[in-house]
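What follows is a single structure, written as structure tokens, with notes after it.
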Amino acid sequence: MSSFGTFFKVTTYGESHCKSVGCIVDGVPPGMDLTEADIQTQLTRRRPGQSALTTPRNERDAVQIQSGTEFGKTLGTPIAMIVNNKDQRPNDYTETDVYPRPSHADYTYLTKYGIKASSGGGRSSARETIGRVAAGAIAEKYLTLVNNVEIVAFVSSVGSIAMNRDPRSEKFQDILENITREQVDASGPIRCPDAEIAPSMVSEVEKHRDDHDSIGGVVTCVIRNMPVSLGEPAFDKLEALLAHAMLSIPATKGFEIGSGFMGTTMCGSEHNDAFFVDGDSGRFRTKTNFSGGIQGGISNGENVYFSVGFKPPATISKEQSTVSYEGKEGVLAARGRHDPNVVPRAVPIVEAMAALVIADAHLIQESRKAAAAIVTSKGF
Amino acid sequence: MSSFGTFFKVTTYGESHCKSVGCIVDGVPPGMDLTEADIQTQLTRRRPGQSALTTPRNERDAVQIQSGTEFGKTLGTPIAMIVNNKDQRPNDYTETDVYPRPSHADYTYLTKYGIKASSGGGRSSARETIGRVAAGAIAEKYLTLVNNVEIVAFVSSVGSIAMNRDPRSEKFQDILENITREQVDASGPIRCPDAEIAPSMVSEVEKHRDDHDSIGGVVTCVIRNMPVSLGEPAFDKLEALLAHAMLSIPATKGFEIGSGFMGTTMCGSEHNDAFFVDGDSGRFRTKTNFSGGIQGGISNGENVYFSVGFKPPATISKEQSTVSYEGKEGVLAARGRHDPNVVPRAVPIVEAMAALVIADAHLIQESRKAAAAIVTSKGF
Amino acid sequence: MSSFGTFFKVTTYGESHCKSVGCIVDGVPPGMDLTEADIQTQLTRRRPGQSALTTPRNERDAVQIQSGTEFGKTLGTPIAMIVNNKDQRPNDYTETDVYPRPSHADYTYLTKYGIKASSGGGRSSARETIGRVAAGAIAEKYLTLVNNVEIVAFVSSVGSIAMNRDPRSEKFQDILENITREQVDASGPIRCPDAEIAPSMVSEVEKHRDDHDSIGGVVTCVIRNMPVSLGEPAFDKLEALLAHAMLSIPATKGFEIGSGFMGTTMCGSEHNDAFFVDGDSGRFRTKTNFSGGIQGGISNGENVYFSVGFKPPATISKEQSTVSYEGKEGVLAARGRHDPNVVPRAVPIVEAMAALVIADAHLIQESRKAAAAIVTSKGF
Amino acid sequence: MSSFGTFFKVTTYGESHCKSVGCIVDGVPPGMDLTEADIQTQLTRRRPGQSALTTPRNERDAVQIQSGTEFGKTLGTPIAMIVNNKDQRPNDYTETDVYPRPSHADYTYLTKYGIKASSGGGRSSARETIGRVAAGAIAEKYLTLVNNVEIVAFVSSVGSIAMNRDPRSEKFQDILENITREQVDASGPIRCPDAEIAPSMVSEVEKHRDDHDSIGGVVTCVIRNMPVSLGEPAFDKLEALLAHAMLSIPATKGFEIGSGFMGTTMCGSEHNDAFFVDGDSGRFRTKTNFSGGIQGGISNGENVYFSVGFKPPATISKEQSTVSYEGKEGVLAARGRHDPNVVPRAVPIVEAMAALVIADAHLIQESRKAAAAIVTSKGF
């Protein structure tokens, strides 16, 4: 429902126009440095109004920690976080009082609950992701301390303008190996680090924005300095948890890990990642990484990388022939201005969900490691 | 870990060479007709040795219900099911005692647990999926009674030989609308209902089999007569649960729902599924179904359809340069015969996991519906 | 950890001196009338400073709903509730900076988390129960609509001053059958409806208060108009869930359901509750109710009643010989005034936890009922 | 439902007369020595027919491990265990086909599920506890390796024949400190280590047995060499988990931890457990242990001790006036011989459930400890 994770567990709350949105994060390790500044950075990257490519609503989204820390340290107790909503009851959405927006959650929420929030997206609004991003920022802080884990997401396609994501592409693997968040943000409003195509992506968004339409895209994410041994067979394989996490983000339509759908066209002798022993660390590594850092559902220490497909946003101001809640045919054109494309803003959300998955998997494996050390009288 | 589901919950057990494999299914509705015959059909579709395209091991995989039914009716109590393993300690895998198989779970299980099963895939073996298929068969039985729900999966690509899965393709939508399990099985050993390409798929598998290699593929699945209102925002959106379920199947690399990655290239005015009122039922329906039957994480009653990408099997008898467990470079060629391609056998596994997700989501929504009827003094 | 329940699930947060305390309640049925007034009543019954028998701190504890309702109706989405803390960093507890309070959580929190809140009880403070009481009020509202369920708790003993709780006592059964919350509150500050002993209880508390000491007691609770069939064998028997809920309340030492420990002294032919058919309703009832309304872990429709033992509060201002955090022997006398007895204030907390258990069990059984009706083509 | 635990999780299955009963235990630490012999000991202590005091049915209850171990070591994967049922469809219970047994689960199962097993107790049968005892034996094995944890339960009362359980009794505390399982079993069929009253207990059971009646009793359990810091505030306090575990055992009516209900009559200055520093270990200990080894829901390293009340068994062969399933008044006298008292056989079940709680809590705290060590760069 509204909770995610086993040990490092977030529960979010809030609709688009209620008093506040936020979350409770349970299971945060005690004694960790943590202040609101650690959380605000990603919230600020998530908020709308950052560029002409996104919705012009300007929401400051300042987070307030309610509990679970003292003198800048975590207590190990639940951390509640709140971001106040500014506009609690807007008048901006009147057409959508009459028409359920096609491909939006308006209709299904009504069938599911028999009632729906009167304005905006209600619980299905992207504002729900504020709680996720806040929780993810805490998870990231932990992972940085664990192993200097780096999680970087970026836009890899907008409409048909796409980076070459073939896992055999050297350029793609080079980006996965080296890209930083700073570079992603410096690459411009579209957050695509491939300078050759980023301008075309911007044009693509602008074209659809000016056409009162919207366009989809893909976010790719890499996790470097991955701890080994994370993920729980059989049902909670690491890629299964990541897929669950990513497909729970609004507007997502697909997920692929490592070689992904491209890998289905490869033969085993090419796709298998041969082992070698790293001279420096003595650690087992693989020459290629079509597995995307996960084998048998368990991380092997190589980079975890995956891509998430986002559909074009459903709310557009272009006219659409559809039917009203009363079942009468008519034409809907949403008032106001809406995101013509969500992928740049989805970047910190994808990073947050990835951090939640990895932090939880790490805490679970730490328990097993400790227990195995006890029963075998040795660590491993 | 080894459990999946909230209300309709399966817990599986078993490794490739232990005494038996199986599962406990908790939360099965009481009073339902159920015998072993209901379960055996899908287990038989899943077992190896069905054709020259799969592993020649012939495992009968006869299920035995241990508990939870009496006189052919479910009691509402946990249903335990067992399938005995035939070969408990084979000698067939000696090279793999020396070398962790590249892209297999051998290495990661060892790092995770500090110990691994001495032969075969252990817990990572596809035999683990027997418990899932058995549980899924019970879920399917329930869903048939709920709404005559039909779940049909089929092979949509092998290597580069692919059906046109563009959601705008009429042929593809026609297959989704009409394909039956009988047709899938009648289509030949590759289980692809597109007669134009099925023979090429067979050749593709044979080519890699004869080359001691393997090849990947894609399974597509459709769920028809879907109940409306299933799926739980925010984290347990129906597509998120399906993605979790599918990526927990061994060898999977990708998942897409509805328009999937193709949908990321579409603009909103094309992708939005306009509503209309069905003349016969008076029910809200959509003219197109790029959403794949789910909007805002909740089913809208249209067909749910999705595709799952499978990598080429990791165990091949072709020589691979890699390193031994001791870290010495060497060459591994797995003895024996192995599945050159898993997708035909994955078909009933995908169906089973889909059934588990839908049955669980249905039980959850039934609770809400009942409660809402109580508090509002009306049904909905 | 900080979550309780499966379908009707509360997650609480907050320490004694952080910014606010509160909770998120997930799974509340949609379309139900709900405003802050529905919640405030029980919070007000819980707060300190209500009489000379409790701590003189006067906390208003006004609840603010953040989400999940609109125009006084629940949306089916998570309901977040906040109560601001007044004193965020008091100076009142200086001795307790030096000494871990005996039988308090000071020492164990420090060993568990390696850090503890600097003042007051931190997370172990009774302020954590505010979130429970707020959530319980929503659960109660639902249960009232379900079956006019009545949950009434009262003080049945203070120190050695005890009501006769022998399940064979007619007076005791009469109280269970008829007592109302109004009568409990009208009975005076000790909330004991037995007018013969309530004054002695008050004296008992006053004696210990004046002696800078504290005293324990017992709260008994009855649930009337119980729906049948609630509780999930094997591990989630209704009495097991109630026991879990009650022993999670701070300062509890014991739980007994129905005949309780007294029942262990009875023989089967006396203890068995013979069935009869109620002439009016045609419903199966039992002549006696030593079972406490639960048989085989499942409610049978008779009154559920149970008692919860509370130890004397650990924080007393009487001098105690103990050791400091540094391990030095010394004498601790807590400053300020503290609750000499918690049972009157525990009354609404016990009611809240009972309501949470019953509401959750009801939602679970509604799902089964609906499913069984589907598979058997009949209700039951 | 049929699962218990978070990390160390058991799922049981089986009715009194199905093919087999058993369980799957997930989360067992890998690399631990484990064979069937480790499990059989407690199963044998649990089985009926051990003395003239219990049911004369002689069930051998030999456990068979199905999975999760190899060469006598755990693999970290789920361990399935099976005990075959001997009598699958007995004819011994014909009267109970006509009459729901008073205070038994017959009636409530029927209302809950709309169907019930045709003979015996079905799922409510004590045979369900076989899976618990098998799982508990594994948990105990782990706890022995953790800290040489000792869990010993014994009978402390039968009917009105009771040991003095006043926590201030030196004799009682001495038993808690020193009693061994060997002594408990050597004490005779009633498993009460107090030689002064054990013979009277035996007579008490014999009297009720000969009278075709039954009698209740109390089992007390102590856990020595307890690891510190186990238990999770707020809802999963260690005593709450123990209470949940114990009240999930069939026929239980009460639970008390440490001073229990007796503690409610004490004043704080007596009840508080003053700290001292243990000269040998330098460890904080308490002079008294009214807390029962748990403070603030977290273990402090002192002995955890608690008592569990069991009602007289409901199935008696004495005549009882009641009504049939059809609602007709009549007289039921159960055929066959039944346990006149369950407490001696409950001893290993109480131990098993205690072991499951402690093992799970330990695994959870190990995760936190590891995480805290990472974030603070020190252990604690």
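The first chain written gets the first letter, and so on, giving A, B, C and D; residue counts start at 1 in each chain.
Keep this in mind: a contact is a pair of C-beta atoms (placed from the backbone, for glycine too) under 8 Å apart; a residue touches a chain by one contact, two chains touch by 3 or more.
All figures in this text were calculated on a predicted structure; none of them were measured in a lab.
S.K.: What is the minimum number of touch steps required to go from subunit B to subunit C?
M.R.: Tracing touching chains, the least step count from subunit B to subunit C comes to 1.
S.K.: Among A-B, A-C or B-C, which chain pair copies the contacts of B-D, with over half of them the same by residue number?
M.R.: More than half of its contact pairs match B-D, so it is A-C.
S.K.: Computing the C-alpha centre of each chain, which chain sits at the greatest distance from subunit A?
M.R.: That would be chain D.
S.K.: What whole-Å value do you get for the distance between subunit C and subunit D if each is reduced to the mean of its CA atoms?
M.R.: Measuring from centre to centre gives 25 Å for this pair.
S.K.: What is the distance in Å between the mean C-alpha positions of subunit A and subunit C?
M.R.: So the centre of subunit A lies 39 Å away from the centre of subunit C.
S.K.: Quick one: subunit A and subunit D, Cα centre-to-centre, how many Å?
M.R.: Roughly 45 Å, centre to centre.
S.K.: If I count partner chains per residue in subunit C, which residues reach a count of at least 2?
M.R.: 1-3, 12, 30-31, 74, 76-77, 112-114, 123, 233, 368, 372, 376
S.K.: Inside the complex, what are the residues of subunit D that reach subunit A?
M.R.: Touching subunit A: residues 6-7, 29-33, 74, 76-77, 142, 145-146, 233, 362-364, 366-372, 374-376 of subunit D.
S.K.: Once bound in the complex, which stretches of subunit A touch subunit B?
M.R.: 1-4, 12, 100-109, 111-114, 123-124, 128, 157, 159-160, 208, 211, 213-218, 228-229, 231-237, 239-248, 250, 252-261, 263-269, 271-277, 282, 284, 286, 290-292, 294-300, 309-314, 316, 318, 320-323, 327, 329, 365, 368, 372, 376, 380
S.K.: Spell out the part of subunit B that touches subunit D in their complex, as residue ranges.
M.R.: 1-3, 9, 11-15, 18-22, 24, 26-27, 30-31, 64-71, 73-80, 82, 112-118, 122-123
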